[in-house]
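In the two complexes below, chain A is the common chain; its partner is chain B in one and chain C in the other.
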Partner chain A sequence: MARIDLDLAHSYLPDPQQDADYALLPLQMSFEDGGAYALLGPSGCGKTTMLNIMSGLLAPSRGSVKFDGEDVTQRSPQQRNIAQVFQFPVIYDTMTVADNLAFPLRNRRMPEAQIRKRVGEIAEMLELSGQLNRRAADLAADAKQKISLGRGLVRPDVSAVLFDEPLTVIDPHLKWQLRRKLKQIHHELKLTLIYVTHDQVEALTFADQVMVMTRGQAVQVGSADALFERPQHTFVGHFIGSPGMNFLPARTVGGKLEVAGRTLALPPNLGLPDGELKLGIRPEYVALTTADDTAALPVTVVQALDIGTHVLLTGQCAGSDLKIKARLSPELAAPQRGDTVWLRVLEAHTCFYKNEELIP
Partner chain B sequence: MELTLEGISKKVGAQPWLYAMNLAPKRDAVTVLLGATQAGKTSLMRIMAGLDTPTQGSVKVDGKDVTGMPVRERNVAMVYQQFINYPSLRVADNIASPLKLRGEKNIDQRVRALASRLHIETLLDRYPAELSGGQQQRVALARALAKGAPLMLLDEPLVNLDYKLREELREELTQLFAAGDSTVIYATTEPGEALLLGGYTAVMDAGELLQYGPTAEVFHAPQSLRVARAFSDPPMNLLGAAAVTLGVQLNSGPALAISLPPETAKNLTANLTVGVRASALRLQARDGDVALPGVVELAEISGSDTFVHLTTGVGEVVAQLTGVHYFGLGAPLTLHLSPAQVYVFDAQGALLVAPKRPGGP
Partner chain C sequence: MSTIKPVNQKAWWLVLPVVVCVAFSAVLPLMTVVNYSLQDIISPERRVFVGTEWFAAAMRDEELHSALWRQLTFSLAVLTVEIPLGIMLALSMPAKGWKASAVLVVVALSLLIPWNVVGTIWQIFGRADIGLLGAMLQKMGFDYNYTGNATHAWLTVLVMDVWHWTPLVALLCYAGLRSIPDAYYQAARIDGASRFAVFRYIQLPKMRGVLMIAVLLRFMDSFMIYTEPFVLTGGGPGNATTFLSEYLTQKAVGQFDVGPAAAFSLIYFLIILLLCFILYNWMQRVGTADKEGAGHE
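The block that comes next holds the complex of A and B.
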């Protein structure tokens, strides 16, 4: 196991000129020994490039990769002692489940007695014990993927285990159980695990620290809580949460906030600079209120959709074409289309952004 | 247009794919076909389109029987899971193709208008292969809309896209459908998607049509356990129970004070199933709540919600909590539940009691 330090940039072009030429913009990141991390972002954000650089399938065009302080930038995945699990099962169909799990250990010439013990432990954790003597070919897709996971986790001496969307082939009903297994295994084996996905649930559930990426840039590294409550970048506010954060263009003048043609009183000691900014508030925190609330905007209801667990309100701010979404309790009577309602947008969870970055 | 399916069934060999069903999707609105894979959604859509003929029954369009009429003689637009475009045509020509086929005028202008509604106006000169998945599906949707067909069939059109793209495109689609120009049939496996599309929902399972009605109504009052299972995500918690004097007694669990239908109450019927939606379980108790102590198996975090899986004395349950919550694996946790928010199903799986909802019936 190792601590991994990245200080690098990567372009697939020979002579990159501008930001858009980079698959990964310059970044520094440390993965602590034994941590559970996720790289999260839409397709094309650079997360797979980053994974390939860590595993050694790709050398960065600039900078270095260090394992426990040692420069491994030019080393192969074997030399780095990395285990990988891919989207689709990579196993030997003709071998038994036990031999599949033992394969990475036999390659490393571990004594047979130790191999049996380790294979037994991993099979137990993944609930494969009953199938150890069956041929892998006879198993269903999700059991095969469990073998792949097991092969990734079986070696106790790996620097890190890298997962590339490993639950893609798993039936939705079984996903949570495998997520639970992975968490449990991380807890018990204390391996450094790095998980790449475009699925927010997968990332936030699995990892202690999630790196959110967009356009080759890591815009925030943080816990699920931090990404939800205090997005450091508007992209994080938009990408995490469903629907994402509302962003309203606003202006601060002498302790007051102008938004959608209205002036709202800002709480003191907020210390916002005067000028243009964006107000960010999650639909979960927008609340129905009354006209005398000085932290609220009048909004015309465009749609109030009963989504079962909540009412999802889409409104248009009076006197502007700004749209705002609110997720309201189903226990309140839902407003109707065309109604004017007052929505509170300034409260403890409201964030402010300048040039897409959070104002601390 | 008005589409009516009367006594439709489909067999392939001896194998029934669709059991006899009647369905009259609401005219010029969206009807969601909701069901797991193999539920029969695609088979039904192929019959609606005229790509297949039913083994029995008839398809009517505005009252006229069109059962044997082939697809090219009908006016139907279809969008599939896979992004299907003409690879050798630029985006503009892809969108224009149905208009050209009919020899229409002002094609350029109309292509531009459609492209801008789907935010692909800057891509008109590109070829499909140069586009991302989301952009390709937008082109396919624009072409389907260009057809201006009174019946639009969409078979899981967003399933191959990232979730944020799906969210964005779904919202745009709902706005387009809201114009009420076509009768839209939209197949999905996701209960959440059905709720976000609104409109009407037909729940299907294993070749059967189980229930049809306004989407929120079907969700809030599923007529059977099968509908409740199909129309819940996370799955509705289903707990064994028996009728007792004051309501129902959960098997190896607490009693809930609810008023049952007189027959069930009088006979103290056993073999009942109590259904509890994940969102009806809370961390804080309110007056009259019943406690369900348990142990955390996993907390799944989506950002907006946390889904806590718990082992309790009455079985495994899952709770949906707003926002981000952390729970250690194996940590003790007590959830609370209001008897007024549960469903009760009889031994045959028919709905006996549904929770009352504000503004609802």
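The block that comes next holds the complex of A and C.
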């Protein structure tokens, strides 16, 4: 078990010139010992690169990786004693489940009696005990993925377990089970777990801390709550939530806010700088109101979808092509297409962004 | 509601083209051979039905026995040399870039040469007076002479076959190796597997399919080898390199013993079929057998 500190940058090109040449832009990041982390981001954002650098499959082109303060940048995955679970289950076809689980220990020349004990324990934990003598190749995808995981967990002194989208090939109903298993293992073994995914539900339910990445950059690290309530970057606002945050271009002039041709009264002591900025509000916090509300915009309803738990309303701001999405309670009378309604966009949860970054 | 399908015998007509094709390409030629094998044809007008006499004769034919043993030894030697060599070659070939393409072309080169040309190349190559190989070995003090020394002739045929066909095994293995996803190698590094363990537990099992094809192809081809030794040694010296096809041709074309030759053709065919069947089944089982009760020993 170890605390992992990263201070590095990586490019797959020999001589990177600009930001776009980097798979990972210079970043500093620490993963606390025993924490459950998720790296969340769209495909190609650098999350797998980061994982491979941590496990030692890839050497960063600049900077260092430290485990418990010790520089391990040049060490092999085996020396780092890290476990990694891949997107597709990797099993040794010709071996039984037991031999698969014992493989990393045999490579480390652990005494056979100890190996047997350890394999038994891990199989028990992963509910593989009944299949120990079966050929691993004959099992279903979820069992194979459990074996891959087991090969990581079987080493008693493993520094951290890294997951690279491990549930991609698993059936939906088993996904849930396996995820619960992971949480349970985290709880029991107090291991550092780092989980790469592009699925926000997976990331938010699994991890204590989620790191949101885009284009080789970590834009925010925080709890599910922080990512939802106070996105540090407009990308996080877009990416987290379904649908994502509404962003409306706005301008502040002398304590007043101009949005879509209307002037809204800003609450005092907000301390916003004058000039161009973006107003961000979650669809969950947009509320129906009346025309005399000074924090509201008039919109024409383009679509009102009843999704059972709520009504998803899409409205177009009067006099512009700005769209606003709102999640409304199904108990209210849903507005019809073409109606004009007033939506309140300024309230406690509203965030303001300048150059895509949150104004604190 | 019953869902019994209506029986329509007209569907048989759809199978007819296949039946005709197979009949003309396989069944009829085979049947003519069966026909010859049961008769003693003295002249086109005089033929006598002899039953299984030719088969019995073939079974007793000492010369044929030694040709069969020679053949089995040769095929076994071909497999034991070419399969490991092909695997090693494939493992050492570069995976990508222009080097991979260049190496592939060079490796595949010998496969593009016609059989009789291969024989001719080696015939000249091995000549003790002017051949590069033969003259060089002479200079180095080996009294190498494939036309006079039976062992030398046999070894030359083997080396020639290895030179000609190992690239096929290598290319098949190379294709098998390239289809292994990177994650396997990464997982192996994380599990701390040695280079040998990677080969034994990842590369070899993943090459199973292509290796099976390689073994069967090389076995069948080497068991039927004819042109190259015919051009190189003509089956000699003595009978040292007279393999089954060679012997059969001498019988059928040289001496025009159509009956015995036909009987032996059928036996030859059955031997290949049987050995391929055994090989195939054996390879199917290797590595897939459920290790019930083997436990974690």
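Throughout what follows, the second predicted complex is superposed on the first by the 356 of 360 C-alpha atoms of A that agree within 3 Å, B and C clash if a C-alpha of one lies under 4 Å from a C-alpha of the other, contacts with A are read in each partner's own complex, and residues count from 1 in each chain.
Convention: a residue touches a chain if its C-beta (ideal position, glycine included) is under 8 Å from a C-beta of that chain, and two chains touch if they have at least 3 such contacts.
Note that the structure is a prediction, hence the values are computed from the model and not measured.
S.K.: Evaluate whether chain B and chain C can sit on chain A together after superposition, giving fit or clash.
M.R.: These partners fit in the superposed model.
S.K.: Between chain B (first) and chain C (second), which does A:N355 come into contact with in this model arrangement: first, second, both, or neither?
M.R.: neither
S.K.: Should A:P330 be classified as contacting the first partner (chain B), the second (chain C), both, or neither?
M.R.: A:P330 contacts chain B only, not chain C.
S.K.: After the superposition on A, what does A:D93 contact: first (chain B), second (chain C), both or neither?
M.R.: Only chain C; A:D93 stays clear of chain B.
S.K.: Please work out whether A:T340 is in contact with chain B alone, chain C alone, both, or neither, and reply first, second, both or neither.
M.R.: Neither partner.
S.K.: Using the superposition on chain A described above, determine whether A:L227 touches chain B (first), chain C (second), both, or neither.
M.R.: The first partner, chain B, only.
S.K.: Contact-wise, after the overlay, does A:H187 reach chain B, chain C, both or neither (first, second, both, neither)?
M.R.: first
S.K.: Let me test your reading of the model: by the given contact rule, A:S76 touches which partner, first (chain B), second (chain C), both or neither?
M.R.: In the superposed model, A:S76 contacts chain C only, not chain B.
S.K.: Which partner does A:L204 contact after superposing on A: first (chain B), second (chain C), both, neither?
M.R.: A:L204: touches chain B, not chain C.
S.K.: Taking the superposition on A as described, I'd like to know which of chain B and chain C A:I115 touches: first, second, both or neither.
M.R.: Touch status of A:I115: second partner only.
S.K.: What does the superposition give for the shortest Cα distance from chain B to chain C, in Å?
M.R.: Shortest inter-chain C-alpha distance (chain B to chain C): 8 Å.
S.K.: Would you please give the residues of chain A that touch chain B in one complex and also touch chain C in the other complex?
M.R.: none
S.K.: In their complex, what parts of chain A are in touch with chain B?
M.R.: For chain A paired with chain B, touching residues are 42-44, 173, 176, 179-180, 183-184, 187, 198-201, 204-205, 224-225, 227-229, 238-244, 282-284, 305-309, 312, 327, 330-334.
S.K.: In the complex formed with chain A, which residues of chain B make contact?
M.R.: That would be residues 132-133, 162-165, 167, 191-192, 195-196, 198, 215-216, 219-220, 235, 277, 279, 297-304, 307, 309, 320, 322-324, 326, 329, 357-359 of chain B.
S.K.: Which chain A residues qualify as touching chain C in the complex?
M.R.: Residues 52, 55, 57, 76-78, 82-84, 86-88, 90, 92-96, 98-99, 102-104, 107-108, 115-116, 119, 132-135, 137-138, 148, 151-152.
S.K.: Help me check something: in the complex, which residues belonging to chain C touch chain A?
M.R.: 181, 183-184, 186-187, 189-194, 197, 201-202, 205-206, 287-288, 290-296
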